[in-house]
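I have placed the structure first, in the form of structure tokens, so that the comments after it can refer back to it.
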Amino acid sequence: MTNNPFPLPKDELLAAYRTMRTIRDFEERLHVEFAKGDIPGFVHLYAGEEACAAGIMSHLTDVDRIASTHRGHGHCIAKGVDVHAMMAEIYGKATGACRGKGGSMHIADLSKGMMGANGILGAGAPLICGAALAAKFRGDGGVGITFFGDGASNQGTVLESMNLAAIWNLPVIFVVENNGYAESTSVDYATAVDSYVDRASGFGLPGVTVDGTDFFAVYEAAGEIIKRAREGGGPALLECKMIRFFGHFEGDAQAYKAKGENDYNRTNRDCLKIFAGRVTSAGVVSAAEIALIDREVAALIDEAVGQAKGAPLPSARDLLTDVYVAY
Amino acid sequence: MNERIKPIVMPKWGLSMAEGKVTGWLKSAGAKIAVGDEIVEVETDKIAGVVEAGDTGTLRRVLGAPDTVYPVKALIGVIAADDVPDEEIDAYVAEYAAHAAEAGDEEEAGPRYEFVDTPAGRLRYARRSQTGGGDGARAIILVHGFGGDLDNWLFNIDTLAEAGTVYALDLPGHGQSDKAVKDASLKGLSEALIGFMDALDITSAHLVGHSMGGAVVAQTALDQPGRVSSITLISSAGLGEEINRDYTDGFVAAASRRDLKPVLEHLFHDPATVTRQLVDDLLKYKRLDGVDAALKALSSALFPGGRQSAVLAEALKAAPTPVLVIWGESDQVIPAAHAAALGDRARVDVIGEAGHMVQMEKAGRVNELVLNHITA
Amino acid sequence: MARKISMKQAINEALDLEMRRDPTVIVLGEDIVGGAGAPGEIDAWGGVLGVTKGLHAKHGNRLMDTPLSESAYIGAAIGAAACGMRPVAELMFLDFMGVCFDQILNQAAKFKYMFGGKAKTPVVIRAMVGAGFRAAAQHSQMLTPLFTHVPGLKVVCPSDAYDAKGLLIQAIRDDDPVIFCEHKALYGSECDVPEESYAIPFAEANVVREGKDVTIVSYGLTVHRALEAAETLAKTGVQAEIIDLRTLSPIDWDTVIESVETTGRLVVVDEANPRCSIAGDVAAHVAQNAFGALKAAPQMVTAPHTPVPFSPVLEDLYIPSADAIVAAANKTTARALAA
């Protein structure tokens, strides 16, 4: 047996790769399907950022809660939300995760600890403080993770929440997914500090910046701060510097990006390639095992799209249900 | 004060009553009045009732104007013999007003509400000392029906106090007593009543029960004959199987004023008796935590599926305790035919123009019958 | 048993009883304990007007003072509610919704629907509403219509201590987010309130006075102004029926319509500003659904379309008065105002 230099056993490495591959294929396929005009509304794709979701979520169970962003598919998949239900939701079908009432930007599954993608930037930070507070009252050891981009990092809600989490010593991890662009606006323009760790320091929180394209860097940094929070050590911030392969939303011509930027990133900074390269070259995982997962995931996404397309639409009565528990 | 002149005052029906409205006079000035005659109709925010004469004479002054609100104890009429001069009556009226103005903090004339801890929980009761100089040794205990409370005896407590010390309790799950009903069977309620008597050191008593409370006092007479001097069964449960399910189930289920009002109209001969305030007060009671569970437990133990589970008529016929049965002729909850269930064994009076709440609708007649029965 | 207590005490009692009944009930807000971290006494305030005073001694850390970060702690209350707690967050003054409205409007109100029915958010947001405290434009508004407009929210505004206790208990037990509006001018008003717990169901208006000539619909403080007006009207032979809506969302249309079908006349009194108000909503609903019963055009008595002024002379003009209600009622009955 080959010596495993990684912090995860082989089966978990394969699971992490499967998660990232599922996210990638899910998003790549949506990119194609969206262009056909079958998918209503806005879709924000997570392709290129998979290592962040997978690296963090590897440490979580259903008792842990996450609050996601408008770019939430990757978080959902990594947190265990059913891919078929997600795809059906994105197609606006009655069989969707939210019965066709939420769409891409609002996929949630509270039974999995997924408190929802969120169309309001920075809105998840206060919510996750509440989730962490509930975990603290229950004493179930759960932690809360709130994701937000470099753009939403400038929302007052995020800053208020860092302070609240700090003074109440809540088990909350603030994850900045810094892909360099707030919609079309560069982080260099919109954010006054060079490092989000400086923001964290301002609230007395420990913070760390990692290369978000490196699964292992994310995994190790997240592991440490999540363990600390779980044990009562309080909140922390994790900044993941990462790459957005696509535009802000589908249909974004990305004129604000540098010429060749996407191609360069696809070639040199693809977190899946980097991961697969490392685990195969170390001899822990074989190329055949990677290829098998790729085939299985491709089939899964095919199946999900096929099912979503064939699924029934919501009925007119669904318009009026689910507004209240009772009214 | 002139002793030959007797006042008619705004009565105090229950502790919360502070004022009442004169709605109409049943006797005109100059009419001859006998004790117990219905003289004037009064309405409170809770209930409409009739003031009965406590004295004999002529109605010399009608002071309370119709549709006018007066505070409790305000002088609304004067009874005196024909030979009392008008000047004396005018002087009396003037003096009464002056006296009332001075006596602001006079002690409460009506019953007092108290609480007592019993094995069946904390129970509220009203206690009214004997009036008219009696020694109060005779105890009279009034037991309300399903969903009722001691205020169901609003028009009876004061008059019955002529014969002894009157107690009216809230059964477990009712009124302001503990809402947990530990044993919802008739035996359980009867034991609660005995526990109440024990807690107040009442060795024996005349028991008066209305509706479900009738079955409770009947059960008590059967189980503890030595502690029961007599029973009066008013529109009583326990004498036959029939009971109006629309009422019992409807009362349990009603969650709003709209649902409850038609249910309560079953209780009275005159549905107009059901005022908005009466409905609101019952809703307030029904909304207290624990009441719904108590009512459901009692309902399923005592009248499951719209039939009474316990019929005590045959047992009562064989028991030694004196029994008086009173019914309202148009009772829509328990049929008046049940009044005959005990045959010759009981004195029976079925009163016309009265429904299930006959002790409220025909309080004067009921009081008279009960007093005669108790003092016989 | 019942005894007279103030609305302030009734709210305190409701919180106390529910915290005793259900360990998932927590209470958070600015200064709701008072003195957190300060060198002096804990429970120094018990809320800015003392509504939560004494609860800390009974329930300890289930009452939490918060920093002045309405978005963060209102959002935290909402997040905790989505995770199985029943938080009661105090927003102090409803005017402060301006700094945390997203969490109420886009989060709490939307979870249930947006997540396809798979979430519930049993949060209560208590806040003071209303004018009369000389607190000027940012601490005095009746912002109820902004919340009734939003599907997914329930909106409650009691007018007395009995209703405040029963409605707050219902709000805490309710599985939907509830905006619980407490009129600060009513905190001291007393009435009979049972010591026990009880819940008043939502969407049940209270007919506080019966009358056959004109229906006056209101809620909160102005119910008492309407009662004053009814006394005046009675002297001129006009019997006003007064309906206290108690809950604005859901709302008890049946009671309003039934009353108007009897009286044929409607006056709606609302301390909110007139445009898109509760008054406008009720008038429109009645016009649409009971037009045939109306003998006169519905009248609205509201605050003017201005911010709440500071100077007492101006503020007194701002709040709907009993005289204005009498005048509106007389307009529907075409009777002259009695001198």
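Odds and ends about this structure:
Chains here go by letter, A, B and C, matching the order in which they are written, and residues are numbered from 1 within each.
Following the convention adopted for this analysis, contacts are C-beta pairs under 8 Å (C-beta built on N, C-alpha and C of every residue); 3 or more make two chains touch, one makes a residue touch a chain.
Computed from a predicted structure; not experimentally measured.
Ranking every chain by how far its Cα centroid lies from the centroid of chain B, the top place goes to A.
Legend note: the chain whose CA centroid lies nearest the centroid of all displayed protein CA atoms is C. Averaged C-alpha coordinates put the centre of chain B at 39 Å from the centre of chain C.
Computed from the mean C-alpha positions, the centre of chain A lies at a distance of 71 Å from the centre of chain B.
Here chain C touches chain B in the complex through residues 1-2, 162, 166, 192, 194, 196-201, 204, 207, 210, 254, going by the rule given at the top. The touching residues of chain C, counted against chain A in their complex, run 24, 26, 62, 64, 66-67, 69, 71-85, 87, 102-103, 106-107, 110-120, 151-152, 154, 174-176, 203, 250. Residue ranges on chain A touching chain C, taken from their complex, read 65, 67, 96-102, 106, 108-111, 115-116, 118-120, 123, 125-131, 133-135, 137-138, 144, 156-157, 160-161, 163-164, 167-168, 321-327. Residues 16, 113, 115, 124, 176, 179, 255-258, 276, 284, 287-290 of chain B are the ones touching chain C in the complex.
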